[in-house]
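Here's a structure for you.
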């Protein structure tokens, strides 16, 4: 029964939220709170932080990585159901999935050759 | 599915396999191509397309259903595939020099075009909404990237972004329609859908679903009310890609529309009224807005909207002749539009963009031959005999009148008279102005070849349309 | 009535799980420091309690009573949300994890798992993916350059290693013909998957190390160069949440390794109770985690990414292909 | 058992929210997210209908939609990166240079 | 099917254009064009010699399948009506080349190509026996004509060219729809003769009649849609004006004769009064406008409107005299107005002004010129002894027989014509010589004479001995008339 399989997930989420909530509440009773500007400054070697932290230009590899992830992760999605029914669909299933993986490899090889995977320290 | 049927299916889809395999190989090999050897890429791409064309031709003799009803290799598909081959090949020929000038002549450019070609081919052959969707996306995703290929050009970025977002929305609309059809009929196969709805064709839910699907597809061909992306994208994209998009993917969109419209489900749902309205509005908008354009590419974008509208008239006409007329229209449009784009592409040289109509002032004086070619394409686009453009329009009108849509035909011709104005305005600039500059068109042998092919097609089909007409008619009945 | 019993059982199991997961970090931190100490030829914590046994408790109290500091420029909502987002996924994942078949308590058979999903493996990956949000929100919300950079790096690392990790388990799924973890363990009654899937195990384990951000892949929190990574600005109890989450992930990876590759609760040679087998195996891998931490040097960030993309990913794909071919070859005759 | 029309209503609601988001929001990232929402409403439909018809095609279609959408979004992000590097803005209105 | 004479006639200029493409040098271009047009003229004369005046049937027919799937043939053939115009076209073709010998001084080669292709297309229009083929020729003329006006015209040429293009295009596109409708109602054929034999329902006939009317009326031009003509005429180079006036305008009337009357007899008869009214309006209106002109070319242009009104009047009188007169008048107008434009062009080459006020006393400096001008002016006024007299007389008598009011309008128009033409001639040729004229004007030279003389010959020949011309058209016209009357009123 699907409901009985996924109901615990809800319970667990509720449990975690409850526990964290209680902990935070207890903590808030116990902990001191005396902020002052210097303390509230972001950690930046004691200098005043200049501008929005996220406003800086991030290196493109981060974006490329995100894009690669989106593509690869989603393609992996096709592999799971295939792996489950592997024996039932027989040879044709093998061939088709190998073609799929091959295409994936082509894309991967391209990304590699193109230097998308090079990461300068 | 057994191995035998898989083999049969693979055979039926051999052209697609050839193109995709070739594109993959080229993708990898392209990384090893050194600077100054880019011509290898062109020739390799051309070879791939030619092999695929050969395969298509060899398999054209019979109808081959494949992949459990998702795919079919019939004459309808063959016809469209040849339109795609034509558009792609000519784009390759036109691209070489232009890509060098713009600095986009990397292997990805050609590979993406090949992948887009394969997507279009899948669209032409698809008989299941799923395969239609996959082909469609394969095609548009490639064109998204190609649109933004001028990475340092803001217009190009902008065009690509608009294209992606609006394209994704239209895909979403299309998919929503598909999901409704699936929910109502329990199948996504075109044949299965038809069989499932024989009982009550006017189910409002189905009508809604069909409207959604039509809306999604209409976007791809750039018809009103989903045309807003088109001018910006056409203007921003590299000109070669604009040329390609206005012919290949547009034809592919029509292939799917026709395939869906050949389906009794759509035929039963009286959706042709919507289609007729779309056709009228599309053509009107394309024609009238084009009147005030100064940018050549933008003008051609609106002209392309207008032409899409005219082709949709053929869809609205329906019937074998209606379908054949759309097919012929697209074939001819591929010739003449690639021709005129070829001329625009050729103008891009040095710091001269050739994108503004006024730039062409007095072109006839220094380059009478090229000006004559442009004249030919422009009059063909305007639909003046004896060019092919006339016959294309004529046949659509015949189909319209045959099915009793005389009023639509009248509207169509009146609007095409409006459209004629902006074409002859360009002719006017080319022929009747004094030149302001020295022209140095980038006229490489490849561009020459492309122009020769398009010119031969434009005038040849105009004078001897019989064979092509027969081809289109036969392709309909085969499908 | 039955329903109420079933629900009650679920609530009980969930509560039990939460309790274990919350409490386990206490001994684990102690263990870690002790092991560290002994590896480095020193004693580790010795002051609080016998051999410092109560040290984690003291730490806990300290964290609980510490000031909760929120930077002035922070996005307060996300800042508060992030620790919970980081904490919840590993906890939720455990819902899908079986610890054994069942035990009888007072004559009633009680299954040693909360839920037997048929897509448990997918569920695990899906939920663990949410962890990334905790990291990125935490780093971004603090509006501190160290934190942002740290969170970006962590993110990049986590998603890079998620791919080979996912690919690595496909071999296991192919063998078991199921994504249910229970079925996967049952399929290993005779032979553990490690025999067929050594490469898969290697990839999975290394990726697991990175997922848990443990040395040698703990670049993002490398105190030396990035403050403390994405949780630079966190203090007090919210910081504790991140820590607990990290230990939960260590535990999770160990458990998954055991279930996927080491036969789960299936014993070998010595007939111990299945649950004990399971706990022992998990303990071993937890120990390995700790052991690695004080044995290996840290990789450079570019090396870290290179390993993920250029070594593990091809390896895992090759693993799928080879497994497929072997399975096909076995099935063919 | 959850009745079918709940799913459909959910799908419609998501679709409308997504469409509204695409049309009204000015931040391109938000627009992309709205797109995802829109496409996921389609997925919900497919899966619900697939279950209703006891047919696997719905799920297949949903998987394809997810995968292809991922590719699409990847492309969109790539273009966005290129755009932002040319001009650092994420506002739709700032993007437009072409008019007419 | 014997020797494909008509194809040769049509494609001789095309061959000339093709040869020209590979030539260099302006003089070479001129001589080549001239020789090809003269060759073409010779072929036409041969055709006339072999023409059988006793039958109304199509002669010199050729039929080849072109687009079999749609029943389109490449079908040529001429009867009495078209024979006359084929000849006229070929004649004016040669004269146009002569007329533009020095007037066109840039892009000579291109101009000649345009001229030759124009001629081929016009010939094609008159020879086509297939509606589709007819339409192709008809519409394709727009391209060279557009260029002739737009590239080699006067200052306002671009505006004029575009106006000409759009008017004609819009009209002919509706005609196209009509053609397609006819195709389906007529049993899926584009064969003109077969379509003539169809009995269409009256409702369809009316619709088609108006569709055709728009196209033909623009070409003729009839009054509400005539405004493109003065612009086009004024801006076009001389040769362009000659073609426009001499041949292009005839095509509208030819369309009435070839399509409206035989294919839609019922509608033609029903709406003949309307057509007569429009014709009368054109005659008077055109005359009045011409009276008010100061520009020589404009004057001739407006007189064309008036004269073409006579033609349509004759046609829609729907009796033998009217029809024969109308057709003959088409020929006459081609000759006379062509000649008048030629004369305006000749004088414009010398003085670069077309304003009547700038001229005076030309008689003294250019006697030959003024003498011939007098001949053509009188011809245009339809003085007895000139060609137009015969035509106009026939039209008038036919017109009066059909409708008294229309006939009276025609008489009024003739009077107006006398007024403006005489006024023009008086101001230009007689009186004291203007200063500029006296100094610069030289008389006609031999080349110009070669262009003028044939026209003069025809003016007098038709005027004094019209029988051969009437013979050519007689059989066909009679047949047409019986056809219209039997079909149109038989129901």
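Note that the chains are named A, B, C, D and E in the order they appear, and that numbering of residues resets to 1 at the start of each chain.
The working rule: contacts are C-beta pairs under 8 Å (C-beta built on N, C-alpha and C of every residue); 3 or more make two chains touch, one makes a residue touch a chain.
Treat the numbers as computed from the prediction; the structure is a model and nothing was measured.
Listed here as common contacts of chain A and chain E: B.
Placing every chain at the mean of its C-alpha atoms, the farthest one from chain B is found to be C.
The interface holding more C-beta pairs in contact, when B-D is weighed against B-E, is B-D. Of all the chains shown, the one with its CA centroid nearest the global CA centroid is B. Placing every chain at the mean of its C-alpha atoms, the farthest one from chain A is found to be E. Centre-to-centre, using mean CA coordinates, chain A is 19 Å away from chain D. Here the spacing of chain C and chain D, counted between their Cα centres, is 32 Å. Per-chain CA centroids place chain B at a distance of 52 Å from chain C. The geometric centre of chain C is 94 Å away from that of chain E, both derived from CA atoms.
Residues of chain D in contact with two or more other chains: 71, 73, 78. Interchain contacts (touch definition given at top) occur between A-B, A-C, A-D, B-D, B-E. Across the complex, chain B is touched by residues 91-92, 95-96, 103, 106, 109-110, 113-114 of chain A. Note for the complex: chain B touches chain A at residues 1-3, 6, 20, 24, 27-28, 31. The touching residues of chain C, counted against chain A in their complex, run 6-7, 10-11, 13-15, 17-18, 22, 64-73, 83-84, 87-88, 91-92, 94-95, 114-118, 121-122, 140, 142-148, 152, 156, 159-160, 162-163, 166-167, 170, 173-174, 177-179, 227, 232-233, 236-238, 241, 300-302, 305-306, 309-310, 313-314, 317, 320-321, 324, 327-328, 331-332. Residues of chain B touching chain D in their complex: 130, 133-134, 137, 141, 144-145, 148, 151-152, 154-155, 157-162, 164-165, 167-169, 171-172, 175-176, 178-180, 182-183, 186-188, 231-232, 235-236, 293, 298. Within the complex formed with chain D, the residues of chain A that make contact are 57, 60, 63, 66-67, 70-71, 73-75, 77-78, 81.
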